[in-house]
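We call the chains A, B, C and D, going by the order they appear; numbering starts again at 1 in every chain.
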Amino acid sequence: MRAERDTSLLLVIDIQSRLAPHVAGHRQLIHRADALLAAADLLRIPKLLTEHCPAQIGPVIEPMRSRFAGGEIFEKTSFGAADHPEFVDRIRRTGRTNIVVAGMEAHVCVMQTVLGLRGHGFEVVVVADAVGSREARQLDRELALRRMEAGGCALAGTETVLFEWTGSGADPHFRAILSIVKAL
Amino acid sequence: MRAERDTSLLLVIDIQSRLAPHVAGHRQLIHRADALLAAADLLRIPKLLTEHCPAQIGPVIEPMRSRFAGGEIFEKTSFGAADHPEFVDRIRRTGRTNIVVAGMEAHVCVMQTVLGLRGHGFEVVVVADAVGSREARQLDRELALRRMEAGGCALAGTETVLFEWTGSGADPHFRAILSIVKAL
Amino acid sequence: MRAERDTSLLLVIDIQSRLAPHVAGHRQLIHRADALLAAADLLRIPKLLTEHCPAQIGPVIEPMRSRFAGGEIFEKTSFGAADHPEFVDRIRRTGRTNIVVAGMEAHVCVMQTVLGLRGHGFEVVVVADAVGSREARQLDRELALRRMEAGGCALAGTETVLFEWTGSGADPHFRAILSIVKAL
Amino acid sequence: MRAERDTSLLLVIDIQSRLAPHVAGHRQLIHRADALLAAADLLRIPKLLTEHCPAQIGPVIEPMRSRFAGGEIFEKTSFGAADHPEFVDRIRRTGRTNIVVAGMEAHVCVMQTVLGLRGHGFEVVVVADAVGSREARQLDRELALRRMEAGGCALAGTETVLFEWTGSGADPHFRAILSIVKAL
């Protein structure tokens, strides 16, 4: 299974103001999520953002949140976004079948969302260097990655996904993607 | 496959007085098993405890043993509890299909029990940071984890399981689970 | 899949005089193979030994070779013993379906034999701490283990297998196996 | 699945003059690819070479490129060679079904080509110590290896493949292969 431009949707999970600072490597994680967002916009890949109980853990960080239109932001209470039927409906309406996932925490909301999406029949690519957990939960994170992999998800690095979306050195967007890659 | 509150049963294997002190990281392992037990009680998830040849390796440690009612304690002689038909019957009578496992030793009684449960058709989540082996057998432990994973079990950290059981930030038990998590 | 006493056959591959000294950790590997042999004899598990081109790399080391009867020693020229039809016949005649494998080199004769056995429909348990490769080929060894695992083999430590074969703390051989385990 | 002499084709991907020097361990990688090429020629295993946008990243390095006849060199613009139907046709015409892959970058052109080949039904052996990525992308490389493995490819070391192709200590080419192995 490959992350293809015409079938992918980029899903960014819960990068929120009171959670993000506690996640190991959060600066790089956010930088990579931003790179994926820039590429998605360039290549016209649809995107969604989840926001978990913002009254408790704050809104999605800026300027990331402002990159999304209102209809692209999904507020949730379940850790697994796909446990909300409206969320699954919203993905279904895009017609996209391959969900590329970044965000936090890898072993809680990311994993529960991803396993839920698999249960609904979606292909999932977990961008492993763009999903994070708190420093004390790195074993939980590593096990969650293995578990998502065992559940049929692909694990990939950010650059790997960017080149999958691009597909060809002859693509008109190749130069622009290359400059995103070089800034990783 | 996810550890869900309504389908899970918590199984704690052989944390006994003459074995536990020899297991690497046994204090943390016991602390995590206790956290799982507290959450199971809170969320009304049924639980079982196995005790292997207590005349030889001592009873299950206290106060853990006292948390279980008589009918929740299963004394066994086979390393694999599921090799005793009465044990499988006892699980079957709960109606639970997803067995969440903690205890010791990971590569002996835990692994043999887990592979036996898989053979009987149960789903199994192995709580990887709450199953241990003696210091000299850490390779056996790691291989047993891989083997249980290859056999279709999920591997997960304790916190990961607690948040799967909780499911939602809006759950009435969320605050209580959060304080268990914070004490991990 | 479990290594059971009634279905297992112990297969020891190519522990030969001019090869063994070059294999990383060969002393421990030989000690573990000897422990498996002692347990197999105790539990009446049949065993086979392969010897690869002994004119070139010497006979199987002593006293290991003398533990085997003439009909239990198979001389081969193919790296994969199961590429010799007579070898497969010899296993078939034992009625055993679960082949427990130790020996060397992990990434050459062990792997080719094991993949061949899988192709003939046998279950295989690779005793990971009792198969070795030359020091410079530890990556080849690790990849061969992963590949055998991906091919449906179980990987297990020596102690893990000994307790699988024993099955129960009430087994009449339990004490004898325990003293083999303690000497590992 | 095994790399057999009669079904294998050796595919070398994009070892080009402006890319190779940036790849971690490129000297050893090239040395191993050369060893595979020498063995392929000796054992009459067909081979193919890809060259990605040579105007941009330079031709395949010499003397490697000169080992290939014109019809064995495939110039491509897609990262995944198998996204070019003529490339798949060219492999199909050889009648070979097991593609043994070396080259660079592991997480871009190698991975996209390999996943494409899998999609077309070929068996693939990825020579893990003969595929590389840039130093800063070692996590992408490791994840790409796992992903190809999860996609049904075998991962193997160079020496492992050489002994699979050879098959037997009695093969007339055994001595010649052994000297290639000794120079690894």
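Going forward, contacts are C-beta pairs under 8 Å (C-beta built on N, C-alpha and C of every residue); 3 or more make two chains touch, one makes a residue touch a chain.
As the structure is a prediction and not an experimental result, all values here were calculated from the model.
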Contacts common to chain A and chain B (chain labels): none
Chain B on chain C, rotation in degrees - Cα superposition, rounded to nearest 5: 90
Numbering shared by both copies at the chain D-chain C contact, with half separating same from different: different
Between chain C and chain D, centroid-to-centroid distance (C-alpha), Å: 32
For chain B paired with chain D, centre-to-centre distance based on mean C-alpha positions, whole Å: 45
Residues of chain D engaged with two or more neighbouring chains: none
Chain pairs in mutual contact under the definition given at the outset: A-B, A-D, B-C, C-D
Footprint of chain D on chain A - complex, ascending: 1-2, 128-129, 149, 154-160, 163-164, 166-170
In the complex with chain A, residue positions of chain D that touch it: 52-53, 56, 77-80, 83, 107-108, 111-112, 115-116, 137, 139-140, 143-144, 146-147, 150-151
